[in-house]
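Here it is, the structure in full.
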Amino acid sequence: MASELTKDRLLQAYRTMRTIRDFEDRLHADFATGEIPGFVHLYAGEEASATGICMHLGKDDYIASTHRGHGHCIAKGVDVMGMMAEIWGKKTGTCRGKGGSMHIADLSLGMMGANGIVGGGGPLICGAALAMKLRKLDDVAICFFGDGASNQGTIFEALNLATVWNLPAIFVAENNGYAEATSSKYSVACDNIADRASAFGMPGVIVDGFDFFAVHEAAGEAIERARKGGGPTLLEVKLSRYYGHFEGDQQKYRAPNEVAHIKEAKDCLTTFAKRVTGAGQLTQAELSAIDAEVAALIEESVRRAKSDPKPAAADLMTDVYVSY
Amino acid sequence: MSYSNPASVGIIANPASGRDIRRLTAKATVFPTIEKANMIQRVLGALGAFGVGHVMMMPDMTGIAAAVERAIVAHRAEAHIPWPAVEFLNMDISESVTDTFNAVDLMVARGVAAIVVLGGDGTHRAVAMRCGDVPITTLSTGTNNAFPDLREATTAGFATGLLASGRVSRAEATLANKRIVVEACGRCEVALVDVCVTRHMHIASRAVWQPEALEELFVAFAEPDSVGLSSIAGLLQPVRRDEPHGLRVRFGRAGGSGVRRFVAPIAPGLLERVSVAKHGLMRPGERVRVVSGAGTVAVDGEREIEFGRGDTVEVMLDSNGPRTIDVARTLHIAATRGLLDV
Amino acid sequence: MARKITYQQAINEALAQEMARDSSVIVMGEDNHGGEGSPGEQDAWGGVLGVTKGLYHKFPGRVIDTPISESGFIGAAIGAATNGLRPVAELMFVDFMGVCFDQIFNQAAKFRYMFGGKAETPVVIRTMYGAGFRAAAQHSQCLYSLFTHIPGLKVVMPATPYDAKGMLIQAIRDNDPVIFMEHKMLYTLEGEVPEESYTVPFGEANVVREGDDITVVTLGRMVHLADQAAQAMQKNGVHVEVIDLRTTSPLDEATVLESVERTGRLVVVDESNPRCSMASDIAGLVAQKAFGALKAPIEQVTAPHVPPPFSDALEDIYIPTVADIQGAIGRVMEFRR
């Protein structure tokens, strides 16, 4: 059973989910002070998805992310210090302060970038997967996209290409129920994004995005299939975001107590902790130790991000071309 | 002969069925929302033909109800045989099995003659837990189910109409079913087909498709031509739905002494080698304690309960399953007695 | 005498030589071989006008037919370029940029900058442009100024078979995204092309004809019309310097400015529509940086501000002509304060 998890892997899963949650909660708090430039879209609540999927990946596997990309970056192993500095617009950031929240990328880790264009990642990930196939590698490429992007033509084109070329590509539709302030119940004609898979000749599966184990197991099957040459899969992960579309969004379009109810009933970290301690796989002490380490890490990342230098004026003109 | 005032009929369509991981691990059918709505329209047409005037439907957020509502408007404009008035139950929607429980409770309280169920084994199980002695018409949405009928919705609606209009009696139109009650970790679940103890530590994506994870299997009936875990029992020793007993199977390791190895369709298109150490009859009313150490209990093919070492898992077979409409027999009676004459 | 081949053959030869040299070079696009999945012949087309014909059999598995799905496959070429390949994707007509522009200008062009210099996207997008084919408004535009506007893209537009080969080889070896513009009316143009592999560097304009009286800056197919006009003016004693920009990004400002400083007169000849065009860009450049040298107002010879028409009667007056260019040169030469 490929997807059975050892103790180390369970600890890693918890650490990743906790890191994403704390990173986002901290940004939520710091953004309110007005010190962080631009705007940020937070992934809190959706941690089980990025973590459950990326735990199957190595650095040569590619992912393309979305505007809500911090979780994917962390799960793919992008340095948290660099990310925090980037979001604060500092020269020490992952992208030297030129990308910001929506463009964090690290190709050396197979992270093709968060993307400010809804649906932008679909074609790109087909290309990464095509390269893997032509280079005879057993890597896979994952396209994360949301319910909003599920209605973009680029995603349809990418789903079609992936089957036509039998690519090692997995399309992960993170359906959090809202594209900005518009419900997916309204905007997705067939309601389930997974239903569209059959039209493109690939399996479509719905998994509970609050349940790390469900995501991990389903992703494991899809990724293993892709690595063996079995072709693409569309995984629809049903989940919810805790914060607004972007910070400052009051979420008036959501039902009163909708988020509170989800946090109470389904939170991925709470249910994970309950399961693994209940089954005797991990102890509360082990989880608490991770909580403390992650809290210190995030604190340190903010401390450094605040004190790190901003890019110099000369940096404006660099990094456009390799040579020009 | 006239049949005045046929009783109401309930319809439960599970929005979630037909999309789980079996689309990936097996070659299971994709069952789109729109086809579920189409099946409901075919049922409505058949019920309307028998004068059923009122149908209660479970509402949902995934588009089945919305598609049926659109179809009702279109039908009014063009068709000559009226459909029953469709009432979408006024209830909160949680997008979980609770919706099914609540809808069935409302339907039973309001005295429906029958409930038409569209879904898999899991949906039928949920309905069975609440429907009491109200008969159900079973319709499989998918190919991965052992309990519900895989048949055309029109004839299922036809048989339901014959029952609801009193043309065929309940005693003649329906069958009793067995069930298996599971008690573990303070929870009580009911299976209509099978209970499987697995070595998986977590419920995760729910389905069971890896033969090496199987520990023990208990089945209410065992049909050699079914698909899923119960097919293993069916291929060992068939047990009909109308026989009083069930079957229990203990899995072993390949190569162990006395272990039988054979191929069984444990999911659509997934023919796996299974290793069975022993099997025997499961007597009604007999409580059986599971001997495995830790894992999950799958009920009708879905992992439902995680248990650890020291937890007790007990199963028991009884004959208190739901009454189901026997479509073939009902239509046969209707034909031989001329009940369809107009 | 050196070997002569067509512009189209030069492009094909560049692709073949680079594919032979570097196994990471692949070619992809609609009907780039033609016949994929069909019962008949493979390499049935070799591209809509046969430019990539023959590569399919020489390089098995490396010439890929795509669905008619420009966002999908142009984006895929870009994605593949970030993962070890050097794709040459063909956007059949530049007019189709409208259905895939996001992947080009928001993705490929910006990766390197957005990612803090940590990305290389060595992709070439070959595309066919220009009027004269009676192909009407959606298959005849130039549009190179739109690409030129975007930092992060290189835009090259060979006017001769020699440049077509050398600049395509340069484009494939280049580590930035390159838009390679091929004028459909030039495919049959013959010219001297060395058999061996060579590159033509970007950002170096070609002085096609030297002259001290007036500078004509032009590009693409218009280079040939401008040269004919210059030849005709020579008979009237006007010595015209004709500059082929070759690449619009990077732009060889120095050659243009040095020439205008010397001649004091400028005509810009650009086949595209006039607003926000290469013509207005060059005119603006010279007005800013060589104002003191100018003896006359700058003239622009362009298509009018209308879409390319279909009827030959209209298209022939839409496209700038040799006579238009001669007229402009004459007016600038005759200008007196």
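Labels for the chains are A, B and C, by order of writing; each one numbers its residues from 1.
In the analysis below, a contact is a pair of C-beta atoms (placed from the backbone, for glycine too) under 8 Å apart; a residue touches a chain by one contact, two chains touch by 3 or more.
Keep in mind the model is a prediction, meaning the values are calculated, not measured.
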Going only through chains that touch each other, what is the minimum step count from chain B to chain C? 2
Could you find the chain whose CA centre sits the greatest distance from that of chain B? C
Intercentroid distance (Cα basis), chain C paired with chain B, Å: 66
Starting from the mean Cα coordinates of chain A and chain B, work out the distance between those two points in Å. 37
So, what's the distance in Å between the C-alpha centres of chain C and chain A? 40
Using the touch rule from the top, collect the residues of chain B that touch chain A in their complex. 15-16, 19-21, 23-25, 30, 32-34, 61-63, 199-206, 210, 212-213, 294, 306, 308-309
List the residues on chain A that touch chain C in their complex, please. 62, 64, 93-99, 103, 105-108, 112-113, 115-117, 120, 122-132, 134-135, 141, 153-154, 157-158, 160-161, 164-165, 318-324
Using the touch definition up top, name the residues of chain A that touch chain B in the complex. 1, 3-5, 185, 190-192, 194-195, 197-198, 203-207, 211, 213-214, 216-218, 221-222, 225, 233, 236, 275, 278-281
Help me check something: in the complex, which residues belonging to chain C touch chain A? 26, 61-62, 64, 66-67, 69, 71-85, 87, 102-103, 106-107, 110-120, 151-152, 154, 174-176, 203, 250
